[in-house]
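The structure appears right after this line, and notes come after that.
Chain lettering (A, B, C and D) follows the sequence in which the chains are written, and residue indices restart at 1 in each chain.
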Amino acid sequence: MKRKTEKAYTEKEMMTISAARFIKDRDIVFAGTGVSMLAATAAKRIYAPKAVVFFETGGIDPTLDEIPMAVADPRVMSGTCMNSGLIDAFSILGHRKFNTIAFLGAAQIDCYGNLNTTAIGDYHRPTTRFSGSGGACDVASLASGVITFMQHEKRRFVETLDYLTSIGWYQGGDSRQELGFKRGGPLAVVTNLGVMRFDDETRKMYVSAYYPGVIPQDIIDNTGFSIDVSRAFESELPTKDELRILRQEVDPQRLILG
Amino acid sequence: MPDYSEIEDKLMSLPQAIQRFVKNGAQIALSGFTITRNPMAAIYEMIRQGIKDIHLVCHSNGQGLDVLIGAGCVKRVEIAYAGNGRYAPTCFRFKKAIQRGEIQFEDYSNYQMSLRFLAGAQGIPFIPTKSGLGTDILRKEGFPREIRTERKVASKKYEIIHNPFNGENDDVILLPALNPDVMLLHTQYVGEDGTIRIKGLTFADIEQAKAADTVIVTCEEIVSRSFIRQDPDQNSLPAFFVDAIVKIPHGAHPTSCFTFYDYDPMHLNLYKRAAQDDAAFDEYLREWVYGVSSHEEYLEKVGKETLSKIKADKVLGYAPGLDRK
Amino acid sequence: MPDYSEIEDKLMSLPQAIQRFVKNGAQIALSGFTITRNPMAAIYEMIRQGIKDIHLVCHSNGQGLDVLIGAGCVKRVEIAYAGNGRYAPTCFRFKKAIQRGEIQFEDYSNYQMSLRFLAGAQGIPFIPTKSGLGTDILRKEGFPREIRTERKVASKKYEIIHNPFNGENDDVILLPALNPDVMLLHTQYVGEDGTIRIKGLTFADIEQAKAADTVIVTCEEIVSRSFIRQDPDQNSLPAFFVDAIVKIPHGAHPTSCFTFYDYDPMHLNLYKRAAQDDAAFDEYLREWVYGVSSHEEYLEKVGKETLSKIKADKVLGYAPGLDRK
Amino acid sequence: MKRKTEKAYTEKEMMTISAARFIKDRDIVFAGTGVSMLAATAAKRIYAPKAVVFFETGGIDPTLDEIPMAVADPRVMSGTCMNSGLIDAFSILGHRKFNTIAFLGAAQIDCYGNLNTTAIGDYHRPTTRFSGSGGACDVASLASGVITFMQHEKRRFVETLDYLTSIGWYQGGDSRQELGFKRGGPLAVVTNLGVMRFDDETRKMYVSAYYPGVIPQDIIDNTGFSIDVSRAFESELPTKDELRILRQEVDPQRLILG
């Protein structure tokens, strides 16, 4: 298992920054709660000042002086350019004019980035029931790209999902397009061990980067399906600026950073 | 001097409104989303009146949904998301009820449910989307086949057709419209003329209200006709959609009401602890719902101190610096 | 001190905006309705630049549509209503063009066209309605079959299917979504951050803007970021939908712009007289469109006196007592 | 032809009042321009204070201190309870909860109340082209009831429409319901000669009332199809109150009354 070394940053900070680094200027960023909200906010303040953060509830570009605890938090409606509703939010999410990047989380993920946020066990009588899709199924269907946050554990990185809530690369290759989706698909999976990406041909997950203090074998050991590590390199450390902005501006109360 | 003559036939007490308009087995939609603008006062009153066999239709209801399920008022639910954000990644009573097989459920996504309300609002029988193709939301049906003939239950979960305007093979999902019996809407303002104004995000409230047969509105304030009409661009619903109007300050507590009050983290955490244990939850209901005869009495229990802590800054819309851990 | 840094890449002159974004043969949607908030300045500039073969998609455009058709810029139109209310029960140049077989046309209804824009805005390929069953809007096709394969022309005018959620024979019309190349939107306010605020009725402007590939906005005022963000509930479109922003006071003249100015009855009557005669209409164009190099010059011709007559009362939104005969 | 007698009221006033008398309290009245706007406003001020007047453009319950000259006139947005748009307006028009009564006008009408506002002659190359449906087709399809204003002339009351823009009782009997409409249909046709209604069984137009100074034969002579006058009676004269309110409150500038 990964070596415990004294680090100048926490796992959550590393995950947040790793994800934030994917955001480019003018991206329209769909954020959920938790780490995804931190990553979206950090990205805008550090690398992509012209990116716009919005929420499925209809809040567009809030000031986020305080971290929302839910996507319906009044902080999501505060200082926005516009407050609308779900129908509007999803018309933006899927709009062909925009590069919409969405952050998601899940209970299970498979090697093609399909996600389960609905149930473990039998759907009708599950051993564990989760919240359900929310907007995740829509995001996975309609956004230009999806970045998923996961705790890297065998029981979460599985061969077969108990329930496919949100479409990824489906069964790999061109199978997503064949379903009828003209765009989108998983960009990356950001975990507590590293960053996974997807092969351009097979659409299968591979290890793109492992965090300092992690070795590729740690990721293999914690993944429930075979995963290619041949393209893996060690992630860059979080910079002083990244950490300062994340800690002082994004979540000073450490409501999510902990 | 307020003049309620235009809405005299709609103004009533909460017990009256629930009694007159909410029947056992009713299909019900709730305003708000997770921890915001849930019609909590109306929900507590439904529980006190012992309304049974409710068929809930929701996109992402949180607190209101969970209390109703926990109190045993709900028979079936069509839903996209049951959670309270950081205060309950999955609503606790909802989770238990499904794991124990106590309620019938059907999963959709937020966009799908919103589109179904939109279709209901426009009076169109169904609405297309591509969202969900290839997922188990399509492959797995939650409702047992035998209830597909019951009133307010769609004859099918969905239908897939080829886009007739596109030569190539292009599948589209058709989703059945929703027309709930009752929509419970908590809002900030109702005018003396019955006009509704929602501040902040409207979620799918407007679509839900137009889709419903009956709309019960609880509000923080009833404002003058001149105030509400001075900027009609801001208003959300004309009076004729509304069947009952009840003034209930803090009617959404412990969920938030933009520009009036924040959500109540203390109460949500208290609820979180209670909801995870059956006995503790029963005790919660006894104390906070059955144990009080009205929302006013409930608010006395919440206490002035807490209410002042969560009081929203009118400009920011929330309570800055509130301890939300 | 205004700060345009957030919109520097979108702020441009009207000639620049039209040159950059409007090509011959483009499918174009216009903001407003009959005699209100037509993007007249942009339309005049398109005529001056000699844009040709336009494919107009409208619900009920009036003045803007008629001038464009009269100037020979329009090849085909999909439309529900071409009129200026009491000033032109049927738009004159539109009437002549169709009676002379000069343009291709396809009739729909206002609701049908609005739903088609809504479908385009939501990214769904079609949308159902029952409105129009049994009418010649379904029985008679305006567009020649051979153009059905051209870009931006729907492969079919409509499709009828049985409602798959209803056992009994229940016909529903499916209407194809619209996604215009360009939408020309005249509005009251744009914020320094590019946020759009439309005051008064929005017609189908918001659906049209979301459905379009490119949105050109002309506005009466560019207001401060703090003003536009102080009440986000009132705003109509976020900046990222907008490709070009042009400040053009009185940009809708002779049509009205709520809270800024009324329609100009003198000019509409002058137009009415001119539009009924070919030579007089050519003279009108020479004088009011080709004869001026900019909207500023056009407004000088309209004259300060007229502009002050039609100046709107900020509360009423129109010019009370204006002679409108 | 109808005898010219000195009357204390004009034809337009008589038409307006005849139509207004159909409106009941709590009706949701869909108004267009011209006489229909006068009738809606008069009805609200005289018989149905709790009726609500709205417009297809989205203006609901404007004060109408001044008569709008078009349904997009800024006067339609002034003092309303709400300003929305077309999608909203039509969601009200067709709403099963409301009794929505709509006023229309037309170039041609047939014996079942079907309307033509599109073209005379060949549709593709008409001798006269009109404005088109606007919201008329939608109103005729979705409203609870339609009242149509017509000039009573043979060329307008025709056996066969040149173009069926707006559905009435279609081909009579149950044919409208068989098309798929659960409600609606023409209530009355108000002309410069009288008021026509439709038989409950056959759905064919008949003369319900003729104005003072008009005889049933005048109507027969000016109708292009056979019309039953056996149920016709003479209309009540406009009352002093009706005329006073119409002239002093509804259209003091006589913009539409002329």
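The rule is short, and it goes like this: a contact is a pair of C-beta atoms (placed from the backbone, for glycine too) under 8 Å apart; a residue touches a chain by one contact, two chains touch by 3 or more.
Quantities reported herein were computed from a predicted structural model and do not represent experimental measurements.
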{"item": "Required minimum of steps from subunit A to subunit D, each step between chains that touch", "value": "2"}
{"item": "Chain separated most widely from subunit D, comparing mean CA positions", "value": "A"}
{"item": "Centroid distance [mean C-alpha coordinates] between subunit C and subunit B, Å", "value": "38"}
{"item": "Inter-chain centre distance, subunit A versus subunit C - centres from mean C-alpha coordinates, in Å", "value": "40"}
{"item": "Rounded Å distance, subunit C centre to subunit D centre (Cα mean)", "value": "28"}
{"item": "Interface hub residues of subunit A, defined as touching at least two other chains", "value": "77, 79, 83, 87, 90, 94, 142"}
{"item": "Multi-chain contact sites of subunit B, meaning residues that touch two or more partners", "value": "115, 122, 130, 170, 172, 200, 233"}
{"item": "Overall pattern in which the protein chains touch one another (line/ring/star/complete/other)", "value": "other"}
{"item": "Full enumeration of touching chain pairs", "value": "A-B, A-C, B-C, B-D, C-D"}
{"item": "Complex interface listing, subunit C residues touching subunit B", "value": "115, 122, 124-130, 154-156, 159, 161, 163-167, 170, 172, 174, 176, 199-200, 230-231, 233-234, 315"}
{"item": "Footprint of subunit D on subunit C - complex, ascending", "value": "32-37, 59-60, 62, 79-87, 89-91, 94-95, 98-99, 101, 107-112, 114-115, 118, 130-137, 139-140, 142, 170-172, 200-207, 256, 258, 262-263, 312, 316-318, 320, 324-325"}
{"item": "Subunit C partner contacts - residues on subunit D that touch it in the complex", "value": "33-34, 56-59, 65-66, 68-79, 83-87, 90, 93-94, 118-119, 123-138, 141-142, 163-167, 170, 176, 179-181, 253, 255-256"}
{"item": "Parts of subunit C lying in touch with subunit A, wherever the complex brings them together", "value": "121-123, 191, 193, 195, 210, 213, 228-229, 232-233, 235-241"}
{"item": "List of subunit D residues in touch with subunit B within their complex", "value": "26, 28, 52, 54, 60-61, 77, 79-83, 87, 90-92, 94-98, 142"}
